[in-house]
Every structure is written in C-alpha cells, then in structure tokens.
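Next, two complexes with chain A in common: one pairs it with chain B, the other with chain C.
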Partner chain A sequence: MTARADLVSHRESMPESRRRSALRRKEAIVGYLFILPALIGLILFYVLPTLRAAQISMTSWNLMRPAKWVGFENYTKLWADGQFWDSMWITLLYVMYNIPVQTALGLLIAVLADRLAKSVTFRAVIIAPYLISNVVAGLVWLLMLDPLIGVTNSFLGLIGIGPQAFLSSPDQSLVSVAAISIWRHVGFTALLFYAGLQSIPRDLYEAARLDGASEFAMFRLITLPLLRPVLVFVLVTSVVGSFQIFDVIAVTTQGGPADSTRAVLWYIYENAFKFSRMGYASAMSMVLFVILILVTLLQMRLLRGDQSDLG
Partner chain B sequence: MNRTILALLTGTVALPAAASAQDTIQYWMWDGQQAPVYQQCAAAFEAANPEIKIEITQNGWDQYWTALTTAMISGDAPDVFVNHVTRLPEMSANEVIVDLAPLIEEAGYDTSGYMPGLLDNWSRDGATYGLPKDWATVALGVDTEKLEAAGLSLADLADLNWNPEDGGTYQQTIAKLTVDASGKRGDEAGFDGSSVETFGLVLNPLSLGGETEWSYLAASTGWQFIAEPWATAYNFDDPRVAASLGWLRDLGRVHHFTPTVEQTGKLGAETLMFSDKGAMTIVGSWLIGLYSQSKPTVAYVPVPSGSEGRKSMFNGLADSIWSGSDAPEAAWKWVQFLGSDDCQSIVADAGVVFPAQADQVERSVAAYQARGIDVSAFTAVATPETTFPFPVTDYGNEIDAIISAALDRVMLGAGEPAEVLTEANEQVNSLF
Partner chain C sequence: MSGLELTDVNKLYGDAHVIHDVNLSVEPGEFCVFVGPSGCGKSTLLRMIAGLEDISQGTLEIGGREVNDVDPSKRGVAMVFQSYALYPHLSVRENLGFGLRFDKTPKDEIDRRVGAAAKTLQLDHLLERKPKALSGGQRQRVAIGRAIVRKPEVFLFDEPLSNLDAELRVNMRVEIARLHKELGATIVYVTHDQVEAMTLADKIVVLRAGRIEQVGRPLDLYDDPDNIFIAGFIGSPRMNFLPGTVSEASGNAVQVRLDSLSAEPITLHLKDALSVGDTVTVGIRPEHLSQDGPAQIRLTTDIVEHLGGESYVYAHDDGGTRLVMKLGDAREVRPGGQQITAGFDPARAYLFDADGNRCR
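Right after this comes the complex of A and B.
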C-alpha cells in the first residue's frame, strides 16, 4: 500500500457529518459577512430607533423639557382616542383602494410585457414614475389636479366631463391620493412580476399549448400559482408600504379637507411635530408597528408565502 | 494631494488664526425676501462690533419650525431667531426663549418708539419674549385691468361697506368683477355660475387666524376671537362669526362669485390671481413685494368696513433669543441693534416689510412709493382702533387643527355654521 492510498483511506474514514458541519460553518461565516452591511444598517436605523420609540412611548415628552415617565398612560389614552381609530379607518380604506388596483394593474402590465412587448423602452417607460420621489410626484399631481387651473380638468372638459375637485373634496381626496400613489408604484410592481415571470419554465407553457389550453387557462393554472412567492413579496411590501402613506398626503392635502385624508401616519406626525406630544406619537407608532406585524404574518399564512408550487 | 499633506506636515500652509475672541451669533429667519436686507444690517452691526460675527441662515417656513425644534433638542439652535406669535405660548412655557424684560430694563432700552400694541403681543405676565421687528396689516388687492374692464376705478372701491346679510357694496363689487364664459357679469341677468372664468374674489383655504380670508369681516361686526390675550376661552360660538362665515360660504356655493373650497384647491389665492382667475383678493402686507413682481397690475384699497368700522389683523414678527445660547450678551446686543433705528432704517429703505419703529414707517412708505406702489391702504388701518391681534393662547396648534377642520366643514356646506362652530368651540374650550 502506498502512502497516498493511506491518505485517501484516512480521509474517507473522517465522519461525513463532521466534514459537512465544518463546511456549513465556513459557509455561514461567509453568509453573515455578506449580510453584515445590511445588518448594521438594520440595527442602526431600525432596531435601535424602534427600541428608543418604545422607551419614549412610556413618557410624556414635548421635546423641549426632559421626558417624564408615565408608564402605559399613552396607550390607555390611545385606546379611547376616537381620532386615532378614525385615522386607522382612513388608512385601511386607503389600503383597500390602493392594493387591489395596484397589484392587478401591475400584474396585467407584467404579463402583457412578457407575452407581447419585449421592448426595453416599454419597460423603461413603465418604471419611470418609480424613479421620481413621492414628494415630486405629489407636487406634479397637485398642479395637474388643481380644480381651476389644472390640466386634468381641461382634458376632462374636452371629453364632456365637468370639472372635478379631486384633492379638495372630502369625497374624492382619499381616492385621488391613492391614484397618485398607484401611478407611482405600479411600474415597480410590474417589474417585480415581470422578473418573477422570467423564472417560470417555458416548457410548461409549450406543454399546455400542445394540450390545447387557452391563454387565460395558462395564466390561471400556470402563471398565477408559480408566481405566488413574488405575489406574496409584492403584497407584503406594498401593504406595509401603503399603511405608511405619508409623503403624498403631506404634499397634497395635509390631512384635509375636513380630515378626510388624515391617515394614521399623518396623525402621528401632527402629534409629534405640531402638538409636541412625542410620547403619545411614539405609542401610536408602536401600536401601528404591532398591527403591521400581525397583518404581515396573516398574509404569509394565508398565501403560504414560504413555499413554491414549482417542483 | 501629496503636496498638501507635505505642506501640512512641514507647516507651510497658513492655518486660520486659532481661538480668536470673536463671538459668532447664528441668526435664523424664514423670509427669503428679507434675508438680504438683514444681511445689510449684519454688515453694519459687524462694522460697529468687530468682536461679533453674524451668520444668517434662511429656511423656508415649512421646514423652519421643525428644524428649530430639532436644533434646540440637539443643542445647536441659533442664538437669535425670527419668531412668530403662534409659537410664543409653547416656547415661553418651556422656557426655551429668554425673557428680555430684565435686559430691557438694565440696558435702559427705549421701547416707546414701537407701533402701539406690537410689544404687548410678545409679553406675558410681565415677561417679554421678543423685540418687534416689523408689522403687517391686510388690504384688498385689486387687479386694475379687470377693474377697468368692469367700468370701475380704484376710487369707487375706496370706501366699500359690508354686512353679513346682503354683503353691502363689497358684494356688489365682487359680483360686478365676476365674469362667466360668455362674458356675462355676476350682477347681470343670465350670468352662468357654473362656467365662471374670472372670480370677483379669490381666497386662500381658511385657517384659524383667518388673516387674509375671513377674520377682517368677522371682526368688523365687533366679534373677537378671545376676550383678552392669553384667555382660556374662544368665542367661535358667537352668532356674528357664524353669520360672517355663512356669508362667505354662500358667496361661493350660492352666488359663485368666489371659488368654493373644492375649486380653490391647494395652490391658493396668489396662484389664482397670477393666472387671471381672480379679480380681487385679500393681501397681507408681507406679500406686496411678491405681487409687484408677479402681478404688477394689482393695486390696494382698504378692506371694507362693517358695523364696527374697518378691521385688519395686526401682526408682527419679533427677534427672540434662545435660552441655550452660549453668547447671550452678544445675542442681546444683536437683538437691540435689529430693533434700533440703524437697522430699522435699512429695513424701511428696502421696502419689503413695514418696520416696527413707528418713526421709520414713513420712510418705508416712501420706498414703496418710489417703486410705484401705493401702500396707504395698509398703513391707514394700522391704528389701535382698526386692528385686532392674532389670538395668542395656549394649545395654539391643537386649536388650529380643530378650527381648520370646522372651517373646512362650514365652507363645504357640511352643516350649519352656527352648529359646526359651536361644537368646535366646545372642543377648543375643553382643552384649557
């Protein structure tokens, strides 16, 4: 027997599990190194401020005087604050206006782009609004939707529709804000769906077509189920995002008219920076945080977001 | 780059003189038009006080207060800043601004030259939280081109009257200046309110103070926001304010002589005037400069008089010293200089605002006159009899939120003014 054969037999005698765990540990270290920058950001900009907000929520603090410990007083006050629950209701309405339309429209655009238009220009145009900041989008739409001098009413006039108040009527303001938001986000949603569509094996469609399936049947039985992980991602992020609607409201309606767009984040902002009630605003933020976690868990559970139907 | 490092190592680069005895005073303001004027004041001050340097920072109104509060928490707020009465209750209660009364007494600073009432706006319980720097009233701004087209002249508008029942000659004038798509005027038969091209009067969305929107009307009936400064009860349940606001609502919703609140949008009266959608608006004197640049055809007549005469809100800004300033003496010196004739005359000559010192007002009127602007409509109402102050009380921001929403509801026609305002008033008064 040669020395070399000896070596081989020695290596083979090393327990399989030990070799594996060493490899895994090494991979884990590399893995952690990869997420380290994001982890630092998460801790610095999310975890620590959240903990600090939880601490502030237990105090009465007007920013100018030292904070005073009040325990759970802010939370009990919040429970009885009709305006807070009104603002939660407005937020929920906004989410219900926003999400179905944005998701359906995003999916439609993605499928059309995938099946029909392969052009890069088309995709660039679709994503363009997303490249504009919410504040700029809000300002541009504020001008275009102005009842008297806005261009939108001029166009509507051309096709025989009378002037609309849009952002300045309590009946239309929330829908208008939702529409601005959809306009800005639908391209990004479409892009995510489009990327998801690329990962669906093409032979599934070929096989289905051989079996005589219609375009709609293929969409329902192949595209939609296999797109589910992307759909879950889109829904979770966009639902959480739209619960946090703020910048468009801040630019266009400031919660008005007659409080019709006072969504929860605007109410939190008013309390924090207009009424100098930092403790109370933090308590509301914590409650919103918990609600969003519950909503997200519910969505993950209902949509089985961690599983794919592929394979 | 290497050369720089080498130079630094060998000490051949001239470093700024270390630790001079100079105090630097940070001064914040929000008005971009005024910043260059106060820069001139700063230059004059620095020439007289070489040991003090003034650094002026200008921040738009929207960011100004958030930035100021944040700076106060983090300990690097400006030593001196331009203050607004709406912020006075909070700032004085939290002792973030210095009480100037002892300093005024110690320095023997003469406050008798201020326009009457200005200093009082900044006082509470014997303390003084700011030295007045300017003042403002309102007047009726009229687009003279549209006035001529209606066959009227400024002289016809010099003595308008108003009452909440039929609106008096004020409403008649507004009607005459309103033109629909077919060229019919608001006082002519066949006027179509659904296709108005030019409104007789355009206004900003209503706010608590109502300075350029509604309070000049309500006050002309004898109504007051509060009985005295720092009161603990508001008077929004008074039938006179309900009647005044009811008139304003109907001017839009019934007569179509002014845009309804839905039509006004968020861009406000200035935009509507600039885009020829309005013939008249209420102009605050701080906007004279803006109008002279963007709509030079606008001229001014006094606001209409009601049963108690003409009334304008009288409001003024002041300079306050941050209690955390590390150079309070230099800051006080600068504040005194800002209120002195030396700086006030510079402000007067610039013709951007009316200076707080009464004897400088003529000078600023002349400065406006030299630019072809007659501002007598603003100065004529600047008397104690024809003005009323901004309601300064505790909970100003909460009250603003409650009343603004109630005013929205009134103007939207969602509920009778008397009911909506009485309910809001109860909400407001329960804060105290």
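Right after this comes the complex of A and C.
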C-alpha cells in the first residue's frame, strides 16, 4: 500500500466528528497565525508596559536609586491626595465640555453633508485639522488666542465683544483647551458619522417621506437609532481620548493658570518627570486605567454598542 | 379609489432625457403593470408618481387633482419598495403604524388599523418581532401591510417580488392578486418579469428607453403586438424570429421567402401594402410550431427541456438560425443532432417590416 492510500484509508477509518475537529484545529492554527503580528505588537507595546507599570506602582523609585518595594503604599497615599482628585475633577470637566459639543457638532456636520452636499472637497476641508498634530494645533491656537496679539480678540472686537484672556484666565483656560481639541477632532468625528450614515439604506428615508415624516422626525426616528453603533464607537474613543488630554495642555498652559488645566495626565507627568516619583505616577496611571475600562464598559452596556439593527 | 392620469410626462436629468411624452390613464380599481427591460424607465416613472422624483414636464393627476407639486405624503399614494424598506430597529407593529403617527391618527385607530392589516396578511403572531427575525415572504407582507394601513388612493409596487425565491414569488403573486380583489385598490406595479405582468395585470404598459411601446390587456399584447419588441418581450419562451424577403405581392396576399431556412415560401394575407424585395421578419410563437403544419422547416435538435406536462425543443437549421418549439409531449425527441421537421400555419405567423413594426 502506498503512503497516499494509507492516508486515505486512515482518513476513511476516522469517525466524521474527529475528522471535522481536526479540520477545525487546522483552521484555528491558520487564524492564529494571521493575528500573530498584531498580537505580538499588543503584547510588546500594551500588555507588558501595563504589567510593568503595575509592578512599578508597588515601588518607590526616583530613577536614580534602585526601586524599593512598598506594596500598596502609593495607592493609600493617592487616596488621600487632594491634588490627584482635583486633577481628576478637572479632567472630568474637560470631558464634559469636550464630548457633548464635539459629538453634537460632528453629527450635525455629517447629517448636513449627507443630506445637502455630498462634496468631496467639503469632506477634505473638515478633516484637515485632524491631519495637524496636537502640538502644532496647540501652538497655532496659543498665538490665535493670545490676549494681546491674537486674531481671535480682533474678530471678537469686530462684533463688539471686548478682549478675552482665554488661556491666561483660570476661568476660561479649560474651556479654551476644550475648544482647541474640539476644533481639531470635530472633522474626524463628522467623517466617522458620515461613513455611518452611508450604511443606512436610502429607501428608509424615501419610505418615511411618503409617510409624511419631517426631516427632524427622520433624524430622530431613523438616523439616530441606526447610527447607534457608530455613536458608541465615537463616544468610547473620544471619551477615552479626552481623559488622556496632555499635549495641548503641555504646549499651551502647562497645567496653569493657577492649576486650572492640571488634568490628570499632566499631574502624572509632573510626578514622574518633574518630581521623579515613578512609583506614585505609575499608581495614578493604574487608577486611570481602571477608571477608563469601567467608563468604556458602562458606555458599551448603556448604548448596546455590540448590537446593530442594520444587516 | 381613484385613478390616475399622466399627460405628456417627461423626465430630464440635465441633458439626459429619460422619460419621453408619457400619456397614460389608469382607471379607479385597475391593476396596471409597468413592464420593460432594465433601464427602460419604469421605476423612474413610478417614483415620479410617488413624488420621489420631480416631473420635468407634463402633468400628473391622482383622483382628478393635479399633484405635480404636492408633497409625496399628501398625494394619497403608498409605496412598497423592492427592498421592503422596513425600519430595522422597529417591531412589525411599529413598522405597520409608522406612517400613521405623522397625520395625528389617534392611538386607538392606529391599533385598530394595524390589527386589521396584520389579520389580512396573517401577521398577527409576528407583531412584536423585528424585521431581522422575519423570512423574506413575511417581510414582504409587512411592507404591503404598511401600505394598507395608510388607506391610500393608489398603491405603488416597485418590483416587490424580485428578492424572493421562485416558490415564494408564486405564492406572493397570488396573495397580491387576492389583495387587489379584496381591497378593490388602484395599483401601479413595476416589474421586469413578464410572467408577473401577464398574471396580475388588468392593463400592461410596456416601456422601452423611456417610451411607452404599447398599452393593453395582457392577452391583447400577447395576441396582437404592435411591434417586434413587444412580440419578443411578451411570452415565454420568446417568439421565434425568422428573417425573410417578400418574393411576391399581389392584392392583400404576400409571399415571403424565409432567408436562412430550408422551407418553401409562405403566403400571408395582410391589409398593409408590401413590395417585392422588402426585408421582413416572420414571428412564430413556440407553441405555434408543431411537428406537422402547412409550412415545413427542417431542423436539427440541440437541447430538449421536459417540464412534465410540456417540453421545449431548442433546435437550429442548416443556416444557423435557432428556434424553440413548445410541444405537449417530446419524449421521442432526442437532444443533440436529431433531424426533425417543424411545421406551422402561416395564418398564425406575425410579420414585421424592416423597422420592426407589425404588418397587419
């Protein structure tokens, strides 16, 4: 008997269920091979640093001397650190300024672009700010919002509004930072919504039009419910992104004036690289990490992010 | 129920003229089917009636009222879309009642009408389901139900059965015919399937390249087509077309020599005058070809399709012209190379001039 005939007879003698599970195992191996490069990246750049940060958070380490194991001491210290909770509050305020406006504005732009002008130029223009880095956007706006030489005050002057301090005022600085972020991200958000709108069949709107639905009724009863998966994606990514606001603050206010823009990531950065408290900074990072996971899970659960009515 | 009237209706998209001078009258309660090949403008015409497309020129009247500039929702029409256009996030009940919430229909009345439509269409047990959980036929019934609850003057159907499998299509065809009878509704129905058109319509409108080619009752179009396009489009399998030349013309009798077939010239009696040498096309329906008959053609078989009660024999002659015969019983006919003789009665043949117009 040849080897091939052997194989065939062996296969024939295998029960159907075993043959199928062997095939499935083979397919699974191919599947794992496909995701292997991404898996390696994830482990190297996300999982290992996270584990390392968790380890450092249990130590006292100033980068000069070897780390000293302190257990949960950093966490108990953090619990009593008023400045940390202040920075969390500032971050939360920033998220609350940023997300509703960015989401509503992005949705409005997307719906208008979809219903009125399906222009490629328009889409290119609205996405342009997103192509600029946060640092450059921060620098440009730092100049534009300058109370003395900035163009923003000149424009406000034209409509009779007096000069504003913007980034130099403790009352306006956080709103100004949020505005810069909105300006940079709203186009991208709009583009995500615009892409989501393309997946809603046109004839649903035609059927609604025949039923006598107004544009607003169509938006409320068709667009919004069917856009839910995109909305969840936008909310989760922008909320997580907003909690991590850093570069615009680093370029424009550096946490000031009077700590009014000291968001949590800036506070972590100060502890790690200004005061060389790596263990303490890592403990704060771990707390932020857990908070973001909880926020994401909550959003997914509340908005049924894993379910789509389409398709 | 109201009828509708289209007068000199045209549609232009910029320079593209897609609907040309359509004049058509649909009587109240009539089932009118627009049929034609893809891109002939039948769906565009339907959408113009619905108000989803503007009418560039001409007038549209529904129930005697000009509605060119009337909002789609105020025209008294309801439409069933090819894709069903069901709202995927709403239940069957909410889908059925969707249109009523905008004209301030009281909730009790919405419930009553939804219940009645659900009963008519046997959807009672599916009212709480989402469209995703329905079969194709059930979705189709919900789409029809959504139109029914609005009690429109005119129902518009845009290729409603094209997404269904063959068996379901036949069932739904019967269902739609039953519904038309029950409701006595005026229906304008678009399809590219001439079987649907033949079985459902009181009146068929055949369109080609944005123009009406012929309007008439199904059997009138089948028996008395105005031109070669209608003759070929209505009827399945389609009519056989044989090129020929007028070899003799005297009085109302013409003799036609069939160019590529090894057959004797045939004599036809016509009112229209033709001259010797005129190029013509002779049309013979597959069921009018049999194994005997006054005019004889010698053929070689290619394929034989046995459908049980009847058979189709696909064959060709020495010159390569292909023909199809419909026979009651073709068990003795072998596919692939058997020599057979096809006969027909010239009185049942159709004659078309060089421009494709029917010579009567």
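In this section, the second predicted complex is superposed on the first by the 275 of 311 C-alpha atoms of A that agree within 3 Å, B and C clash if a C-alpha of one lies under 4 Å from a C-alpha of the other, contacts with A are read in each partner's own complex, and residues count from 1 in each chain.
Just so we're on the same page, a residue touches a chain if its C-beta (ideal position, glycine included) is under 8 Å from a C-beta of that chain, and two chains touch if they have at least 3 such contacts.
As the structure is a computational prediction, the values presented were derived from the model and not from experiment.
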Chain B and chain C placed together on chain A: clash or fit? fit
Between chain B (first) and chain C (second), which, if any, makes contact with A:132: first, second, both or neither? neither
Problem - Which superposed partner A:143 touches (first chain B, second chain C, both, neither) - result: first
- State whether A:253 touches chain B only (first), chain C only (second), both chains, or neither. first
Per residue count on chain A, the busier partner among chain B and chain C is B
Fill in: Partner chain(s) touched by A:206 [first = chain B, second = chain C, both, neither]
second
Overlay on A puts the nearest Cα atoms of chain B and chain C apart, in Å, by 52
Contacts of chain A common to chain B and chain C in the A-superposed view none
The residues of chain C that touch chain A in their complex are 50-52, 71-74, 77-79, 81, 83, 85, 87-89, 98-99, 102-103, 130, 132, 146, 150
Listed in rising order, the residues of chain A that touch chain B in the complex are 62-65, 142-143, 145-150, 162-163, 165, 167-170, 252-253, 256-259, 270, 273-276
Seen from chain B, its contact residues with chain A in the complex are 66, 69, 72-73, 90-91, 94, 96, 194, 205, 259, 261-267, 271-272, 275, 277, 397-398, 401, 404-405, 408-409, 412, 414
Note: in the complex, chain A contacts chain C through residues 201, 203-204, 206-214, 217, 221-222, 225-226, 309-310
